[in-house]
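The chains carry the letters A, B, C, D, E, F, G and H, assigned in the order they are written, with residues numbered from 1 in each.
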Amino acid sequence: MNIRTRLVAGSLSGLAVLAGAVAATSPAQAADAAHSARSAHSARVAAAEPVVQTGTLSADAALKIADAVLKEAVKQKQRVSVVIVDRSGATRLVLKGDGAGPQTEESARRKAFTAVSFGRTTSELGKGITGGGPSIADIPGTLFLGGGVPVASGGAPVAGIGVGGAPSGDIDESIAQAGLKAVAGQLR
Amino acid sequence: MNIRTRLVAGSLSGLAVLAGAVAATSPAQAADAAHSARSAHSARVAAAEPVVQTGTLSADAALKIADAVLKEAVKQKQRVSVVIVDRSGATRLVLKGDGAGPQTEESARRKAFTAVSFGRTTSELGKGITGGGPSIADIPGTLFLGGGVPVASGGAPVAGIGVGGAPSGDIDESIAQAGLKAVAGQLR
Amino acid sequence: MNIRTRLVAGSLSGLAVLAGAVAATSPAQAADAAHSARSAHSARVAAAEPVVQTGTLSADAALKIADAVLKEAVKQKQRVSVVIVDRSGATRLVLKGDGAGPQTEESARRKAFTAVSFGRTTSELGKGITGGGPSIADIPGTLFLGGGVPVASGGAPVAGIGVGGAPSGDIDESIAQAGLKAVAGQLR
Amino acid sequence: MNIRTRLVAGSLSGLAVLAGAVAATSPAQAADAAHSARSAHSARVAAAEPVVQTGTLSADAALKIADAVLKEAVKQKQRVSVVIVDRSGATRLVLKGDGAGPQTEESARRKAFTAVSFGRTTSELGKGITGGGPSIADIPGTLFLGGGVPVASGGAPVAGIGVGGAPSGDIDESIAQAGLKAVAGQLR
Amino acid sequence: MNIRTRLVAGSLSGLAVLAGAVAATSPAQAADAAHSARSAHSARVAAAEPVVQTGTLSADAALKIADAVLKEAVKQKQRVSVVIVDRSGATRLVLKGDGAGPQTEESARRKAFTAVSFGRTTSELGKGITGGGPSIADIPGTLFLGGGVPVASGGAPVAGIGVGGAPSGDIDESIAQAGLKAVAGQLR
Amino acid sequence: MNIRTRLVAGSLSGLAVLAGAVAATSPAQAADAAHSARSAHSARVAAAEPVVQTGTLSADAALKIADAVLKEAVKQKQRVSVVIVDRSGATRLVLKGDGAGPQTEESARRKAFTAVSFGRTTSELGKGITGGGPSIADIPGTLFLGGGVPVASGGAPVAGIGVGGAPSGDIDESIAQAGLKAVAGQLR
Amino acid sequence: MNIRTRLVAGSLSGLAVLAGAVAATSPAQAADAAHSARSAHSARVAAAEPVVQTGTLSADAALKIADAVLKEAVKQKQRVSVVIVDRSGATRLVLKGDGAGPQTEESARRKAFTAVSFGRTTSELGKGITGGGPSIADIPGTLFLGGGVPVASGGAPVAGIGVGGAPSGDIDESIAQAGLKAVAGQLR
Amino acid sequence: MNIRTRLVAGSLSGLAVLAGAVAATSPAQAADAAHSARSAHSARVAAAEPVVQTGTLSADAALKIADAVLKEAVKQKQRVSVVIVDRSGATRLVLKGDGAGPQTEESARRKAFTAVSFGRTTSELGKGITGGGPSIADIPGTLFLGGGVPVASGGAPVAGIGVGGAPSGDIDESIAQAGLKAVAGQLR
């Protein structure tokens, strides 16, 4: 029997579509938004199938990303750490770069967590946070500085890459994107 | 047989009355308000009775709520988690929905905690939080995004239901309210 | 008016009966035993009633216990702390005695937690712990040194009193029992 | 393209085979054993596929298990809590039963965690723990009292069910098994 | 017999003087101010004396305060918790009032901690916190809602009393002040 | 001027007496023993005096001890850390020696905590711990390896010194004793 | 063979240069900036050398700093604590001053952590934090009140000194600077 | 000027010598032994040099080790995680292997921590732990199951590699050793 993952089977919509749908909502009002594009189908199937399949970045892919992040950091002369977490929030990879500060492990982890939670880059999400009232920035484990990028597969975020240590979030994000590029061609 | 509890016996005032009393106070100034409507009676009785009775949602009711939340989430095509905590803050139920993000367990828990702590929905409470100085949002364990609703019985909050994962707090709250509705007819 | 709670209504069996039932099981094999004597009735009722009543020691009773503990400690020339937790594990009272060591708050808390969890004194429970394999002593938050006594009402443990600081668990227990005695006459 | 999950594709061996392989090793010496039967294939595929699929119990299945656990506990007149965690260790479901002690949430969680970590019941695993030197019982988050059972799908553990609160681990396990039975027919 | 402590011996300045000195500094800029009035003398003596004496509220006094807080709360028909911490930040007393919310233990603790840390009421301190940049509100363990009052002896804060649970910080503070009044006559 | 503290005033019995009293009790049975010699007097006085005085090692004395520990460690060619905690368990000093391992900060802290909690050296206390059943070693924050020594003043422990990092507890203790000697002449 | 530290070999630029480079970036936008001046060389060397050398303040130097801080605090009549952390974020030294408040250990630690993380004083860094949106102040473990100063060696931050307890951050910083001065002549 | 690292300058003795010295001590009695061979010189130099150099594995070397661990695990058909920590205990790298259990991250971390703390493999160290009284196994953060190996450079442990997930500690260790071999040729 063919046990194609429900996540894949239930969705042809890519992350772009998903992000677009969410983008209409200001992050400050958004609460803790997950992507809902495929929810209806998913839940319907769930009644029949007790085990759902969740995509997780392979260890090999995680190493490739870390390697690419390291190389890009050298090229940009930055000292950074990189953390990759999966969609359950569990650690996939942590690598503290040479000379990276003690704050970079946790900042990178939270950026990765935030990106995989909301399926968008932390720089985009951060634009909606103003400090004037409750916002998703109040949710534990999140950080809305640039440097977190989601990894999507089958239309759903399967991992988050977080980079911390450069003097600006833009630089951190460009390094994280270089990491993502190393495996992006193989993602669907 | 008459199984009314002392909490019930001591109070005819419903949650509406209670909430009204508190509503006069801006949340930002409110400190950590508990409902005081029945305090005088309670404390007087306490002197005589070493054991007071506290209402707790039954496990059956918790499952009913979770089931209703799941069904409503499918209907609204959302991926959410739901958490129910009792008036002591202890966990009654946690259910992570299919495809819900890693941030949803803790955001749902905090919404539930906040709702049962203050006896009002988190969306109402959040309106008074402006980010301009100390507020009840500084109290550990709280979260003032929409999606938390109190469960009242005998005029006192006995549980909080928190839902997290939809792209806006309004949606989370509507799903939580669907959960509450599943047992509301049986509550006094 | 009749303020009996459902917990009381559902059970005439006192703690002695309960403890007897459990005593037949060696603690080392017992896993995390809760009292089951009234479970059948409770659960049956639960289907009909979404809110169950849980007995909690009143604040007044907690103060009475603390006062009696303090007096007994002076009488026995001991420096102790006392902690009372309710059946949900939440703190009811903490009082650090004059000159009590820094370890006494946590040791007293764990004794109280253990006593209310298993419905027996920690000294009884500790007899079954041998260190030779898995046992209930591996459950987080527990401590099996003498000094923890359960408070029962309506046949169920509603609180635990823990005392720590004396040179032996027997002394700690005798002080905790003095605390219990201060309210025991009023318990049903 | 057909993205069958690697976990499923790579293995025809069921849990029985797996458990057998591990059973040859005494738990006390076993370190933190994961199941290795399909590792070679998995890693080979990983080079080509950056996203691996991990089975997770559906929310519906989790509710079914919780419901069955509750019913069995009533039948056996026990007050228990049940926790289900997925293979990443993340919470899937928590349900505190009526009258269950405050220690049951954490004991049930750890039993579930242990069962999904090692792919065997906690009662089996516990037989090899003697307390005489380092053992897997020293690994944080584990508990080797009866009451934890793994849920297998496609030859790999995808979840752990933990039950705590009965006076013996055997009873806790029989209740957990009743929960597993509720979905076992649908598992592959 | 003369039981004056070195702290007392070294200072005739009361808390009023102390508070006045600190009051000149806006809390938002104040960093974590301790009272410095007597520092010169203390340190000079310290060179000669390896053991300094620190005032701590007695257990009896703590019980008196808790009792007065409870009575005042009944009078004001509020459901509150009270926490007393000593100058080292260690717990002296915790009492959760009947019907007090689950957030009240931690909010009361933090108010007590803040009051004993800075030697002023939390309501005074809170006036200087605006949310517009770094402030002492960023220091872990603090809370700047009304309800925390310092207990001074010999011109130095020796304890903090924190009350949480009323619908406004002003009410919490008036209840805490009633507690302080119960022992104030005996303080020097 | 007479700066004797109430603790001193109430007791002529030194630590030796105290330790002797406790020594009669096997640590394994001892529960969390505090010294009780002067309890009766203390508590009697407490009724009259709301503020009790607790001895604390001065910062100067702490630095002297750390300096002596460092010198002794060099002399013995050991790489160690030293931690001093006061009687409330709060940190007085931490110094990580050059080349000391990452485990030494926490092991030194726990030895210090244990010594000040029970008023005896950790090597003495450790002799009674056999691993065969519940013991004071189960109390959180303790460690019964050699290297922890109490600092007594006025017949009561006022601080604990903990040293960790040498290849045996005896060496750690000898280094800690060298630290104590640096201030012992000034202690009463 | 000559194993000169890569950190030293790769850089003649002092902290001034480094700080200058970073200063061009507003802290509020800066994300978690590490110093990048020498990154290119470092990483190039890394390919050849598996072990890099990290500068750490010696224990002797830490004691000298603590001693100078204490003396300056007495001179300024302030009650403060001082914490020194190394570039990995690990504790080097903690000293709680006589009469310093319970909040000072953690505030001093976070200032030290922040200073060594970003290589600038916390007072400089704090100027860019406005509370109006995400900023580096959201990174766990940081605190942007005055009183944290970095210790640089070989052009890189090797430690952070944090002081807390004075009524303003400026005073805390002046005391921390006095500590730095005690070893500054020996730093390169 | 030549700033050769003091650690290197001060020692020609390799890890073998070091380990030999420690090996004479039974782990069960050993307390938290650090290597003392070069302590005398180190401390003497410290008086002159305020900054000491500590060896840390480069990020490149960490990636090489992780890659080699992954390949060896595939070869041995095991599902493991690998963690590398530096001598300060800070994370250098974490990689969760495909299909590795949820317990493997923490077990691998603790093995790595233990190996770098004591400078020996966890399998060697574990032989001396019997469970019959206090031992170094009581130190927080340690784990004495096979799979932890130290990385030495210049005669001192600079990192620990921990592997967890195979059915026995011997297998875990052989995989960790394969990781070490990937960089061992370059270590001095």
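Here, a contact is a pair of C-beta atoms (placed from the backbone, for glycine too) under 8 Å apart; a residue touches a chain by one contact, two chains touch by 3 or more.
On a predicted model such as this, the values are computed, not experimentally measured, just so you know.
Hopping across touching chains, the smallest step count from subunit C to subunit G is 2.
By residue number, the contact pairs of F-H overlap by more than half with those of exactly one pair in B-D, C-F or E-F, and this pair is C-F.
At the interface between subunit B and subunit D, over half of the residue numbers appear on both sides, which makes the contact a same-residue one. When the CA atoms of subunit F are superposed on subunit H, the rotation angle comes to 90 degrees, reported as a multiple of 5.
Centre-to-centre spacing of subunit C and subunit D amounts to 31 Å, using the average Cα coordinate of each chain. Taking each chain's centre as the mean of its C-alpha atoms, subunit B lies 44 Å from subunit G. Centroids built from CA atoms put subunit H at 46 Å from subunit E.
Looking at subunit B, one finds that residues 43, 46, 52, 54, 58-60, 70, 88-90, 97-98, 102, 131-132 touch two or more other chains.
A complete list of chain pairs in contact reads A-B, A-D, A-G, A-H, B-C, B-D, B-E, C-D, C-E, C-F, D-H, E-F, E-G, F-G, F-H, G-H. Residues 70, 73-80, 97-104, 106-107, 110, 126, 129-132, 137, 143-147, 164-169, 171-172 of subunit H touch subunit D in their complex.
Across the complex, subunit A meets subunit D through its residues 1-5, 8, 43, 46-61, 64, 86, 88-90, 153-154, 158, 183, 186-188. On the subunit C side of its complex with subunit E, the touching residues are 56, 58-60, 62-63, 66-67, 70, 90-98, 102, 105.
On subunit B, the positions that touch subunit E within their shared complex are 21-22, 25, 29-40, 42-44, 46, 52, 54, 85, 87-89, 113-114, 116-118, 131-136, 138-142, 156-157.
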